[in-house]
C-alpha cells in the first residue's frame, strides 16, 4: 500500500522542500498538499494520510503558532522526525517585468516580515499584498503568465493584485517566473525547522542524538509555576533546547509551555523527569521522541547516563532487600 | 501643541478601539493610522508621533511577534500603559448579500485563526483571502459599496476578491456594511491586550497595581539558563505574568525572553531583581513600568514590600557602621 | 536464643531509660552496658550484641557527634527504631549532704551544659568535675556510700572528687542517693532522641509514619553543593527533619551531611530521591528507615504519594510502548 | 591602657597557642585565662576583657557547640579574626613513668575522641578519665610531680586518678612532664580554627580574602526552609564554607543555622544577600566580617564583583530617572 504524506502546500513551499528531504517520502510515496497546517493534521488524524510535514519553528519568526496549537489539542499525534531547511527568498515576476515595474508584492505575511529590510531599500514604494503562502503568490503570477483560467490565487477571479512574489527559488522555477533578486532575506542564515508528524504507534529508536517534545499544563493551584517545572528537568541533568509559552485560550495570562529537551523517552533520565512532571502538572502532552536533524549527540548532565541510573537503581534495590 | 498618537490602522481595527479607550488620546489629540506595527513604532522613534498604540498579546493567539520584536531592538521605547479590548468578531457584507451568497471571506490571518470553528460549521466551502487587517477587509467591501474609486484594498484595483469580511462591529458600521452574523469567534471570552508605547522620558508613577516589561538576553557561556533568570525574580518575591521566548534571529535555538512581572521599577524588590539580571544577563532591555489595565494590586511575596526592604537596608547600614 | 542489646551504660543513664522503653528489650532479652557509644557499636559490628541503643540528638545540645560519626564510617549499620526520652535532671548526693555542703559537682559535660543556669543561681561557687556519664557520677557517690571497693568511678581509686551528681532521677534511686533538687535543667522541655541500631538485614515495614536517615558525601568537583543535594528531596516532595554537617575529618571545611527525612526507602518518592543522590554524590550511606517515635504521619508534598508515582509510571510505560 | 585578652585556659591549651599567634595579643597585652568558653565570652560582654580567643571548629570533631551557642544568644558579639592551629597531641607523664606503667589516661573528651585509634593499639587496657581541658590534665600531673598542694585538677584534693595526659606538646613542657609518645592523633592533619571575638564596634576592613559569619533563624511559617535561605546566597554568587545546624533549644527539631560565607559585609553582594535573609528569616544574627586566616581570596560567582553591582545600580538609577 502506498504511504501518503500530507504537507503545507502547494508545491514550491518551503514545507514541500522539507518533504523532499524526508527519505520515506521518496519513491513510491504519495504527496498530498493542504492549504493549512490544521487541514494537514486533521487529515492525518482522520487517517487520510499516514504522516504530515509541517513547520514548527523559524529562526527569525519563532514558533509556528498554528502547528504548536494543533499538536497541543485534539487527538494525540507525535513527531517522528525533523528537517531543517535554509530559508532563501527570491523576488520573482513574470517575464518582462523589471524591478522598476514592481508596484505591489505578494507573499505570505511571515515571509514579508523577513524581507522588510530589503524592501525598504530597493522597493520603498511597493504595496504589500498578503497571500496564503509564498508558493501561492508565485502560482498566482505563473497562472496568469500561462493564461490558465481559474487559477488566479485561491481567492477568485481577475488579474492578480501584485506584480512580483517573494518565494523560494523552487517556487519561482516551478511556475515559470523570472528572478528579479536573490538572497533578499534580512537574515542570510535563516532556517526553518519542520517536523514529520504521525499518529501514535511505532516510535523511532533512540540514537543518542534525540529530542523529545512535550506540552506542559500547570495546575491552577500551583504556586511555584514554571520554575518548578524546569527544576524537574534540571534535577535529572536534562538540557532544554526550546521553550514556548502558548495561551491555553481560556483566559488572558493562562499559558501552557511547549518544550523541546534533549534525549529520548526511553532514556532513564527523561522517563524519570516526565514522571515528575506528570505528577505535578495538570497535564503533560507527549509529542514524540525523534532523532535530531543535526545528529548532534545529547548534552547529558554529569552522572545522568542510563548506566548511572541503572547503578543507582541496583543500589536502591539492594537497600530495599535489607542491605546497606 | 497637539499630541499625536499613532496606531495600527485603519479606523475600525481593534487597535483603534484600544486608542478610543486611552484618555489622553481624547479631545484635542490627533490620531495617525499606520499600516503596520513596525511603521507606527518607527514613526514614534523618529518623533513623528508622541505615542503609539499597538497590540502585544492575544488570549487566543499569544504574543504579537511584530510588536515584541520591534520593541526588543532598535532605539529604546517604553510602554507607559495598557488597554484590554474584548475581541468580538462579526461577519459583515454589503447590503443585499446573504450568508448563502458568501463564497470568499477576507480578513487578517490572526482573525481567521479565531473564527475557524464557526466557518467550518456555517461556511465550510468559503475560500479564505488574507488582508492586511480586519478593518481593511471591511473598508475594501465598503469602498465598493459606495462606488468610491481607488479604495479597493491597499493592493490595487478591481473588484474585491471576497464577499464578506470578518471584522469588529465598529468596522462594519464605519464602512456601511450589514452584519450577517455576530459573536463568531471560537472563544467567546477572547481579549487582546494593547500597549501605549512612548519614547523614554516621564515614567508613570507607581500605583501599587503595576507591571514591568523587560527583555532578557542570556550570555552564551551561561549554563544555568532560564532557571537562573527566573530565580532572580523568585528570590525577591516577584510574580511573573507573561513569558515569551523569542528568537534572537541569529541562529536556530538562540532565544531571548520577553517577560512581564508585577511591580514597578521604583519598587525596591523589582529594582534589586533587575540589578541581579543586569549582572548575569548579556543584556536586559527595560520596556517600561506602567499601571495594569485591570487595576489589580500586585501580588507580593511574603516580606518583599518596600517597607521590608527599607528595614533590611537600615539594618545592613547599622552593621556596616560597626553595629550588630 | 537470647537477644542481646548493648547500650551506653551504666544502668541509670538516659540511654538505659530509652532501652527500658524498647519493647523487644523486655522479658527474656539481655542488656549489656558499654562505656561509650563507640564501644557499643563496635560490639554490634562484631556480633557480640544484636542491637544497640545510643543517643543521636538532643533538643538542647544538638546532634551527638560520637554516634553520628560511628554510624557514618566502618561496617554498615542501620537504625531500626527511635525512642524519645524527656531529659529530667536532679542534683543528688549521699544522705546527710545538704545543698550548702556541695563544693564540687560531677556529671557528664553535656549534662553540665544543660544545668548551667541553675548552677549559677544556686551553687555559684561549685567546681565542675567531668565524669564519663551522668550515671557514673551517681554510681561513684553511691559506691562510696555503700562502702563498696573498686567502684569509685571508672577512673580508679580513692574518694570521689565531688559531693553531688547531676543525673537522671532513676540513677539517684538506683545508687541510693538523696535528691537535693529536681527539675534543674535550664530547658524544662529538653528531650533526647535515641536510636536502636542493628546490622543490616530485616528492615522495619513502612507504617506511613517513618523516617529515613542518610549520610551524604559531596563530590569534590561538585559546584552546586548542598543546594543541589536538597533539591533532590524537594523535587520529589520530601520533607527534611534534621540536617547536621559533619567534618569528613580529611581537611578543614570538608563536610558530609547527616540527614533525616520523612518517609521510608520503600516509598516511591524516597527511592527516587535516593537514586538521584546516589548519582550526584560521591557516596550515600543509608542508615535505615524506621517508624517515628511520635507516630506522626509523614508530610508528603502534593502529588508525591505512591499512587501518584504509580500512575506516572504507568503513563510512561504506555508512552514507551508507543502510546501518547 | 593595657588591652586584655581572655581565652580558654589554662596556659598550654590549644587556645592559648592560638592567642600566641594573634599579633595584637603580644607585647604589652594582658592574657586572662577562663575555665570555659562561656566564662570567657561573659567576661567580654561585661567589659572585663577587650577580646576573647575561643575555638569554633575542629577538622575532626566539627563545630564547637559551646562557642556556637554562646555567640548565637545574649548580647551581640562579633568575630574580628581567625587563627588556625594544627592539633598535635602527645602522651605525657611524670618523670619515671613509662608507657607500660600507664593504667589511666586523663584528657578532655574531644581530645580523647581524636586519639582513640592510637590508644586501642598501644594502651588497649587504659581507663579514660575526663578532665576540663587537655592542659588541665597536664597541670594535674605536673602539680603532683612538683609536690604543690591544692593544684590537683580543678576538682579538689587527693592524688590524680590518671598516670598520663593527652595534651599539646607545649602543655607537657610547661608542666615539666616527659613525653611518652608524639603525634598520637588519629588524623595527622587535624586543625582547629579559633576566633578572636570582640564587642561590636570597629570592624576589620575588607581585604579581598574575608569571611562573614551569621546565624539564621527560620520563620515558623516558612515552608521553603533551608533551600530558600541558601538560594539567597546563590542568587548573589556567594560561596558558603561552613554550615552547622544548631538546635534553638525550644523543641526537638527546631534548628537555626550557623553559616560562614566568603566575603565581607561591606561587599555589595554580601550586603544584598544579608538584606534578603533579613527579610525572609525570623532573625539574622551577624557575627562579624574578618580576614581569613589562610589569606585565600574569596571565590566570587561570575559577575558578582562590587564593580558589577555598581554598574547594575547605575543602570537602574538611569531607568528610574526615565531612561531606558
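When the chains are written out, they are named A, B, C and D in that same order, and each has its own residue count from 1.
Here is the rule we go by: a contact is a pair of C-beta atoms (placed from the backbone, for glycine too) under 8 Å apart; a residue touches a chain by one contact, two chains touch by 3 or more.
Model, not experiment: these values are computed from the prediction.
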item: Distance in touch steps, counted as few as possible, from chain B out to chain C; value: 2
item: Geometric centre distance via CA averages, chain D-chain A, whole Å; value: 62
item: Whole-Å separation of chain centres (CA-atom averages), chain A against chain B; value: 25
item: Interface hub residues of chain C, defined as touching at least two other chains; value: 231, 234
item: Chain contact topology (line, ring, star, complete or other); value: ring
item: Contact pairs between chains, per stated definition; value: A-B, A-C, B-D, C-D
item: Touching residues on chain C, where the partner in the complex is chain D; value: 35, 38, 57-63, 65-66, 84, 103-104, 106, 109, 113, 116, 127-132, 153-159, 161-162, 187, 189-191, 193, 225-227, 230-231, 234, 240-247, 249-255
item: Residues of chain D defined as touching chain B within the complex; value: 76-78, 200-203, 231-232, 234-236, 265-266, 271-272, 274-276, 278-280, 285-288, 302-304, 308-309, 311-313, 315-316, 319-320, 322-324
